[in-house]
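Just so it is clear, A, B, C and D label the chains in written order, and each chain counts residues from 1 on its own.
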Amino acid sequence: MKKLLLATAATALVAGAASADEVKLGVILGFTGPIESLTPDMAAGAEMAMAEVSASGNLLGGMTVTPIRKDSTCVDAAAATAAAEELIAEGVAGIFGADCSGVTGAILQNVAVPNGMVMVSPSATSPGLSTVEDNGLFFRTAPSDARQGVVMAELLKEQGVGSVALTYINSDYGKGLADSFQAAYEGMGGTVTISAAHDVGKGDYSAEVAALSSAGGERLVVAGYVDQGGGDIVRASIDAGAFDLFHFPDGMIGDALPATFGADIDGSYGQAPGSDNPGYQTFVSLAEGFNGEGTYASESYDAAALILLAMQAAGSTDPNVYKEYVESVANAPGEPIMPGELGKALEILAAGGDVDLIGATGVELVNGGEAAGSYRVVTFEGGEMVTAEYR
Amino acid sequence: MDFLNAVVAITNLLIIPATTYGAQLALGALGVTLIYSILRFSNFAHGDTMAFGTVVTIGITTLFQSWGISLGPLPTALLALPFAVAITAVLLVGTDFAIYRFYRKKRAVPIIFVMASLGVMFVMNGLIRFMAGVKDQTFDDGTRFIIKARDFKNWSGLDEALALRTTQVLTLVVAIAIVAWLFWFLNKTRTGKSMRAFSDNEDLALLSGINPNRVVMVTWVIVAMLATTAGVLYGLDKAYSPYTYFQLLLPTFAAAIVGGLGNPLGAIVGGFVVSFSEVMVTYVWKKVAIYLLPEALEPNGLLQLMSTEYKFAVSFAILVVVLLFKPTGLFKGQSV
Amino acid sequence: MTQSMRAILFFGFMAALFIIEGSTNFWIFSGSWNTSLVILNMALVSAVMALGVNLQWGYAGLFNTGIMGFVALGGLAVVVTSLPPVTESWSAGGYRIILGLVLGALTIAGTILMRMKLPQGRLRGVLTLAILIGGFFLYRAVFDSGVQAVEAIDPSVTGNIGGLGLPVLVAWPVGGLLAAGAAWIIGKTALGLRSDYLAIATLGIAEIIVAILKNEEWLSRGAKNVNGLPRPVPYEVDLQQSAEFVANAASFGLDPVTASTLYVKIGYALLFTAVLVTILVLSQLARHSPWGRMMRAIRDNETAARAMGKNVTRRHLEIFILGSAVCGFAGAMMTTLDGQLTPASYHPLRFTFLIWVMVIVGGSGNNLGSVLGGFLIWWLWVKVEPLGQWLAQVLTYGLPEGHWIAVRITEAAAHMRLFTMGLVLLFVLRFNPRGMLPEN
Amino acid sequence: MIVVDNLHKHFGGFHAVDGASLSIEKGSITGLIGPNGAGKTTLFNVIAGVLEPTSGRVMMDGEDITGLPPHDLFGKGLLRTFQIAHEFHSMTCRENLMMVPAGQSGETLWNTWFGRKRIADEERALRAKADEVLEFLTISHLADEKAGNLSGGQKKLLELGRTMMVDAKIVFLDEVGAGVNRTLLMTIGDAILQLNKERGYTFVVIEHDMDFIGKICGPVICMAEGKVLAEGTLAEIKANEQVIEAYLGTGLKNKDKVGA
């Protein structure tokens, strides 16, 4: 009983007003619901950035960062809104999240914008979110799909691929990417033999593979995530001898691909945002106690880092002040910052310098918080993923 | 040659996967149907029971692997399966003892049981996530293939490939063995006969001296076996994740009802009806048509009845149609 | 304790929870009126949904697990009512889509008509097949080309046909109507089934409805969601920029941000309360009338009710449509509150089974009970999360940081939500099966 | 009044009613007896529209009523009670009675909201009528009791009472005496006789208690194995060899009853 009382007291203290040397950040992700298997790594990635900053002791004269986790449920907009309101009540200085575009839109419109709170999502890619009136408060580190579709189409055409089968995850990310790719590719004279959606969490993908392979095509474009059905489809296609060559957009790119499929996908191509960026490897090796290669884990690290660096640049934890600085710390010019160098970045900023967060994903923000930039083209040789070029 | 190609294409992409998936669904549906016929309610917690059994199997498999025990070319999970069945059976019998028995004594209406099973579903949902987290888990080891696609192409010289995975054969073999055993058990053993008598007419069965508690317990044990096996086979063939297993509840129910709730044979047929319809309705028949039809008739379109987005809707649509025109299912099941 | 005393007590308790949430920062309470009102608003919507389910289950004993589908249709109503029409889409293919749908409907109607006219036999079977197959291909040909044309128009932003451009409040009754229409079709076909079967059939039909919303982009933008739906209340940002409002807020001693967010939420709360009270009053009036008596008789004993001259089939259909319409109404309210339609977010655990927990915990058959259940369970649904985190803290108290048990428990805390709902449901079913406010 | 013509009702291979033909005189109280499993209740259920007949016809006052749904038959004045009491258990006795009359304006949703006045008037009249019926059945003291709490016999009375809420033409009583104590049974018997005399109800009564049958019934019909075995007065039936055979054939269970 005594323990219980003590714990209650402790909670009450934690929940109390932010002390002067502490800055709270909300971490709102779908810890339950359809993407519950991704969110632990995403949260860990973001919290890694926060811990790094706290440990450096350089944030605004030695402030520590406390993450406060809330469940967005991914699907329940009302519960997510309530959770976000609780974050506001707890006095957070910024919100990392949310994840799924649905709840992200709801929190953005109903909580973040009204309260003037900065929100950086690592994963919401819906093009629809670009049109939401956000007062410059909303940012995302996941790249927009529109440009990638064009890049991917160009790549395939240049390699002389005239027809592909296309499968996409039935979410705003997959659908958006599939749409932009199909439009671009067909505009260049290519043929998409079939465009078939696959759903998250439906385990059995025989119907999709059957449809894709009987429609045929020189390559299979898999606009999905390795651990959310995309991997299963690749596996089933290889197993059935339906496709040997694939093309992978960013959601699929990661060391999980060569690790899972080895030489089976030799000759395939893919692209992911990134300049010649060793940051990703650094991030993965720094990740402790979680899987740094998890989908969106690296974007999460960058998102949290962005918020904190912007605070330092602005010299304030007030969202309405530091929102102006998010783009400048994300983009050139400035000293490039790799994962693990956040402490250094804070020092430079404190001294009045400028930084360019490269981070784990080579984050680059354009017009109003959309991530963009260059793409790294990869190919698979001898069971290894190698960089072919940058464009 | 063209004809052979067409046959191979259909076998490879339609018949083999649909048969495997169908067998997994059938095992799940058998569990649902047994509960329905003997305990007289639709158990909404069945998907999570499958998940629970699989989680336990994964745990034990990991343990075995750490001890260096393996089954050679077969997945270690097979060795862990009996232990997992035992643990799942304990859980199910415990659930019955703590929850369902009370309502049985009160002779509550079936809907109350269904509601209680909803509660159990919620609780199990939390429980399995607490036990094994939320991540996808692959626990298949051993040899992956019996026939490899490329080997087959080289061997046969056909344009179309044929592949056969170990887990696919395993699913079928295990499913057939279990179903055979189940039918033998229900028809030949004393306990099985008393279960059938209990299912046909509870009051008469009680009068003739059958111990209802024993029947119920045996039922739960068998359900544990069916559910765990179904879950493990599914997980071996694909992967385990708690969210997916909850989603399995719906096609499983569809299978049980299409076949006729309460009828074991119906459950098996229902499983295959659902799996085959999902694949066939969304299948792109273009390639097969090109192989089989004279050139002049070659199709331009994909010859796809419905896009794959609707594959889940297909099984429900079949469910609804069957319910409307043949409410007791294809094989005569029980009505409430 | 009398029924009304109980009701007053429980609602008083509920009110206290909201007041503490708004005023006191202690334990799991956040001490923010904004949070309190956010929870309250969705609680009001949940209460309306629970009322709809109670109509079907409490009044007539219909086990409908397709609530999700009706709620989703309500959401769709907001899109097709309040969005401005996309004129390019209409000229590109909108009319072809409508024509396609009409052709599809004609095919089905024709089949039914033919089957009614002709005697059973081979001719009828062959004709059925012929009409269905022919109709299907005709429908697909017209419909698909229309859909392609519409979805090709600026797919990342529109790609749909838009709506009628009416005020968003009109969408609420439209949501009810859409749900009622669907319920009519479903009821006509599936209501003959008994309990378990009806449950599974409706569960399946709801999945089909959501699958359609998820994939028919010309209608709902599918997985790409519809953002920025119009609101019946002003935008906070506009209020913050209005000098008059800021001055008014200051006179209350509030800063503009707090004042504007509270203002908007109270606006919603008033609208929702008006709806809830109206539906509650109408339900109560119906309940305490010969109509309610007849419904209870049907629920108690269908056979006897039939023998006593009641047309049970028609009455079941009537109440199924009515309850579904209420759910559709609530679905439209919810989508308006969210400001967006996200078809992928409709999930049976949340939008069907949770509503059932509300009805059962509150007291099936009792309208006030359903409202109470809606409030309480929604409050729990939100608050179980901080409760779980608190519990995790208590359980891991004294363990070194990063200890695997502590990590495990903390990770699992989020899953307390479903677990708790299950426990609550089981406990109520076992120890208080008639709910907190039983039917009198 | 009712003519049943060569009626069959099969459940799978089991012929519950196997070519029964009978007619019931207007104004009579007809007893329907027979050993267990003779098909009496199934016959009732087919006549009352609960079950579709496999073949055969049912006529009422010269009109074919075969296969009409129960609520239509109710409208034609054909009412019934059940072998196992089918009370509306969560409703009070008075409500059980008040729900019976058809065409109450309060049964339309619109009126429950906007026609309260009319409903109130109707309810007053209904309530008075229900109280009258309760009085007649000597269970006035149970008016506000939940029907589910009644004893088996009281439930039977209540079911009989329901038939009195409207102007019935013919009432089918299924084992009205089962599980009812003797005193109560006599009360029921009196009520039936009185209704028959004063209101001109025609009754068809399934009953195993031969005393009761003897007391109230004029013609008696005996069924066995789904067929009509004999028709006549109770005395004639009792003397019928075939009838005795049929009862004996089913074992000794019913023997003492037929002899009693």
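To be clear about the criterion, a residue touches a chain if its C-beta (ideal position, glycine included) is under 8 Å from a C-beta of that chain, and two chains touch if they have at least 3 such contacts.
On a predicted model such as this, the values are computed, not experimentally measured, just so you know.
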item: Shared interface partners, meaning chains that touch chain C and chain D; value: none
item: A-C or B-C, whichever has more C-beta pairs in contact; value: A-C
item: Most distant chain from chain C by Cα centroid; value: D
item: Distance-to-centre winner among chains (Cα means, whole assembly as reference); value: C
item: Whole-Å separation of chain centres (CA-atom averages), chain B against chain C; value: 31
item: For chain A paired with chain D, centre-to-centre distance based on mean C-alpha positions, whole Å; value: 73
item: Approximate Å spacing (C-alpha centroids) for the pair chain B, chain D; value: 49
item: Multi-chain contact sites of chain C, meaning residues that touch two or more partners; value: 214-215, 411, 415, 417-418
item: Where chain B touches two or more other chains, by residue; value: 129, 133-134, 307, 309, 312
item: Junction residues of chain D - those touching two or more other chains; value: none
item: Inter-chain touch pairs (all); value: A-B, A-C, B-C, C-D
item: Residues of chain D defined as touching chain C within the complex; value: 48, 50, 69-71, 74-75, 79-80, 82, 86-91, 95-96, 98-100, 102, 104-109, 111-113, 116, 119, 122-123, 162, 166
item: Chain B residues within the chain A interface of the complex; value: 9, 12-14, 17-18, 20-21, 129, 133-136, 144-145, 148-150, 152-153, 161-163, 165, 234, 238-239, 241-245, 247-248, 275, 278-279, 282-288, 302, 304, 307-309, 311-312
item: Parts of chain C lying in touch with chain D, wherever the complex brings them together; value: 282, 285-286, 289-294, 296-297, 299-301, 303-312, 318, 322, 439
item: Interfacial residue positions of chain A with respect to chain B in the complex; value: 33-34, 36-37, 40, 170, 193-194, 196-216, 227, 232, 236, 238-242
item: In the complex with chain C, residue positions of chain A that touch it; value: 3-4, 6-8, 10-12, 15-16, 31-34, 36, 40, 69-71, 73-79, 81-83, 85-86, 88-90, 100-103, 105-106, 109-110, 113-116, 126-129, 131-133, 135, 145-146, 170-172, 174-176, 179-180, 183, 197, 289
